[in-house]
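Letters A, B, C and D name the chains as they come in the text, with residue numbers starting at 1 for each one.
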Amino acid sequence: MEQLKKEVCVANKSLPSYGLVTFTWGNVSGFDVDSGHVVIKPSGVSYEDLTPEKMVVVNLSGEVVEGELKPSSDTATHVHMYQEFKGVTGIVHTHSPWATAWSQAGRELLPLGTTHADYFYGSVPCTRSLSSEEITADYELNTGRVIVETFRKHAIDELAVPGVLVNGHAPFTWGGSVKDAVKHAVVLEECAKIAFHSFQLNSKLTAVDQTLLDKHYLRKHGKDAYYGQ
Amino acid sequence: MEQLKKEVCVANKSLPSYGLVTFTWGNVSGFDVDSGHVVIKPSGVSYEDLTPEKMVVVNLSGEVVEGELKPSSDTATHVHMYQEFKGVTGIVHTHSPWATAWSQAGRELLPLGTTHADYFYGSVPCTRSLSSEEITADYELNTGRVIVETFRKHAIDELAVPGVLVNGHAPFTWGGSVKDAVKHAVVLEECAKIAFHSFQLNSKLTAVDQTLLDKHYLRKHGKDAYYGQ
Amino acid sequence: MEQLKKEVCVANKSLPSYGLVTFTWGNVSGFDVDSGHVVIKPSGVSYEDLTPEKMVVVNLSGEVVEGELKPSSDTATHVHMYQEFKGVTGIVHTHSPWATAWSQAGRELLPLGTTHADYFYGSVPCTRSLSSEEITADYELNTGRVIVETFRKHAIDELAVPGVLVNGHAPFTWGGSVKDAVKHAVVLEECAKIAFHSFQLNSKLTAVDQTLLDKHYLRKHGKDAYYGQ
Amino acid sequence: MEQLKKEVCVANKSLPSYGLVTFTWGNVSGFDVDSGHVVIKPSGVSYEDLTPEKMVVVNLSGEVVEGELKPSSDTATHVHMYQEFKGVTGIVHTHSPWATAWSQAGRELLPLGTTHADYFYGSVPCTRSLSSEEITADYELNTGRVIVETFRKHAIDELAVPGVLVNGHAPFTWGGSVKDAVKHAVVLEECAKIAFHSFQLNSKLTAVDQTLLDKHYLRKHGKDAYYGQ
């Protein structure tokens, strides 16, 4: 748990250095499978002031079990995702500008090339808008629910497409480690930027062929992956 | 007053580090409610050369009451806003490129997502153009007047929407402290950038639902705010 | 002359720090009115390797009168401009990306707001394309000629509009000092960036009213200027 | 060979400082004509961890002849290009965002101005898409083949146009030295950015006149080149 606090702290501090956040607009959490506890950033604290000791530990009911500060206001979203997305042990939420532009536009991010295919095995979906009722009560929990609903409804494998655009809001990414969740946040932002410009150059673009998607995703992630050492 | 000079000096120096200004294209002022005096940047002095002693103090008639340098050429705009916008004690003017692009385009900045809703409780309005008469005589004062007119005419609460786009010119932001005024300048620039790209991706976008605007603005600013510590 | 070499050297070195150049894509020169000599960057030498001693001095016939290196390949353009634009003592040429985008598009840069009006008293014009004959023989001299022609033909005062977009090429700026010429290069790039985005937001934009142009230009540059100390 | 390893190592490390790569999204190789061996980046290793000793040496059959790490997954592409593009001794592959946007859009990069003409003597072509068969078997080799095919089919001189956009993927650049290959990667990215904006400003743009292309390319590269010292 102390190790996880350190990892989550380091990951939160990395967000501004990757250019993903302004002020305190983002939070990273990590999940400890054994205890069923989530380590998350405290709410509204600047990244430079973060220390492992300031991380907040909550259980899967969202109750604080350790730490003196209030957890991120988005905690209920993270907790719900850990409950539903088995195998995910790190989640990142930011308002990174390019991915947020797509979220606000309500458009999914099509896989237009190999940069996308190397990390996301298909479109990064955009959720439907929440209803007024969903916003008024349990907003953060309902944000988690609409994310999970989006993946279930379209039968998207959340481990193969580790990110989502929340309609009118901003992106969430995740992974099998805190570090991978951050990596996916960086990649999503870069892909959102490149795809924006590709669409301006050619408004009729569609997704790359499934074969190219397979090739690039699987050479990095499949059982016969041959990228890296 | 010495404390306010320090704050205003620090705030002015922060503008280039936030990427909001080129050369001397921006100024910050602070208002001391007790004395009714305004502390403002001297005109045309580079940010690196600023010291608290170089700040200029003017009264609500715009007359210099302390300081050896000439105050910002935009002083009359600031002073008028302090007179009309009760509760405002910090004002920032910049030519930050994204907000200025919207000002030049004469378009209000709609709340397209939660990033905007976290700080601005509705559209950031764009003023009408000034008439030739308003430009020729008392230009800077009339800039302040058209800002106030914009808020009064559309019944916008200036404390809930702490920024404006001056048509053909550039943004002003403000707040209940000098620091908050600067924070709003940063947020306005970021929202202007993201909204620009959202509109390119989806030209038919409209404002987010009022419920979402309420939720995000009020979780940070309402009496039942629960964001932060 | 030694003083001018230092100024020209410092100005050349400032181009990459202002983000105006990649590799060696830009050059600054200065004009010594008394001797009629021009101090200019040596061709193809990286900015970090520049020293005042490496600056090249040429006369108004373009002949090297001092220095061991070859002068910038654009020397004939600079020299012609000094001959024709009286009062100009500093010239900057870059391929700064936003101004170059407008040059390649063959579009003049309209004054869309006060940022532009503060430094350029009207549109920054774009030259016509050079003919094949003008390109084949005396290309660099003809570049200078088409710049001068553009200002004469449209009766633009080169001291009030200290910049030009050369069609299919890139910008030149100038001023009454080497430092001002560099300042105008920075401002032109910033205005080109902002105007690009304004036009995307509102494709029907036209120049701001002459009264606003007068007000902003003259409060900084007229005989009754009141901006600065 | 030790010298070449150093050069290739330095060149790989320069990619992030030029802003061309995120994470490990790029690789540089160098070709030793005498031995017919290729020195290339190891796969998936971060740039900061690279040392000359970690570079991998492969022969023209793509077999590792020296080095303990696996070579870049794109090795077969590089090797094929060295076999076919005589005189090329350095190759760079990146996913630099602007050039990748054009690759994903499937559009060639027209020479819109002198910035482009200074380094690329005509359009930087975009390859056709690979067929499913070409992707499934020998993908990386087929990527090299489609690059060569593009140049042969359109009779483009690969030494005069040292770069290509691979459809749905990203750019490759090359040169007569490792350093020149990197330089062309930087220039291609810059030209892709500027051309993007030029086309937004004027969607009907076409290539600059052949005479201007000749003038700029040849004043830097022809036998009568007069740019530089």
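Everything that follows uses one rule, which is that a residue touches a chain if its C-beta (ideal position, glycine included) is under 8 Å from a C-beta of that chain, and two chains touch if they have at least 3 such contacts.
Chains and their UniProt names: A, B, C, D = L-ribulose-5-phosphate 4-epimerase.
Predicted, not measured: the structure shown is a model, and the values here were computed from it.
The most distant chain from chain D, with centres taken as the mean of CA atoms, is B.
Averaged Cα coordinates give chain A a centre that lies 46 Å from the centre of chain C.
For the pair chain B and chain C, the distance between C-alpha centroids works out to 33 Å. Chain contacts: chain B has residues 196, 199-200 touching two or more partner chains.
Chains touching one another, given as pairs, are A-B, A-D, B-C, C-D. On the side of chain A, the complex with chain B involves touching residues 22-23, 25, 42-45, 69-70, 73, 95, 97-98, 100-107, 129-130, 132, 135-136, 139, 168-170, 196, 199-200. Interface residues of chain A, counted against chain D in their complex, comprise 112-115, 183, 186-187, 190, 193-202, 205, 208-209, 211-212, 215, 219, 226-229.
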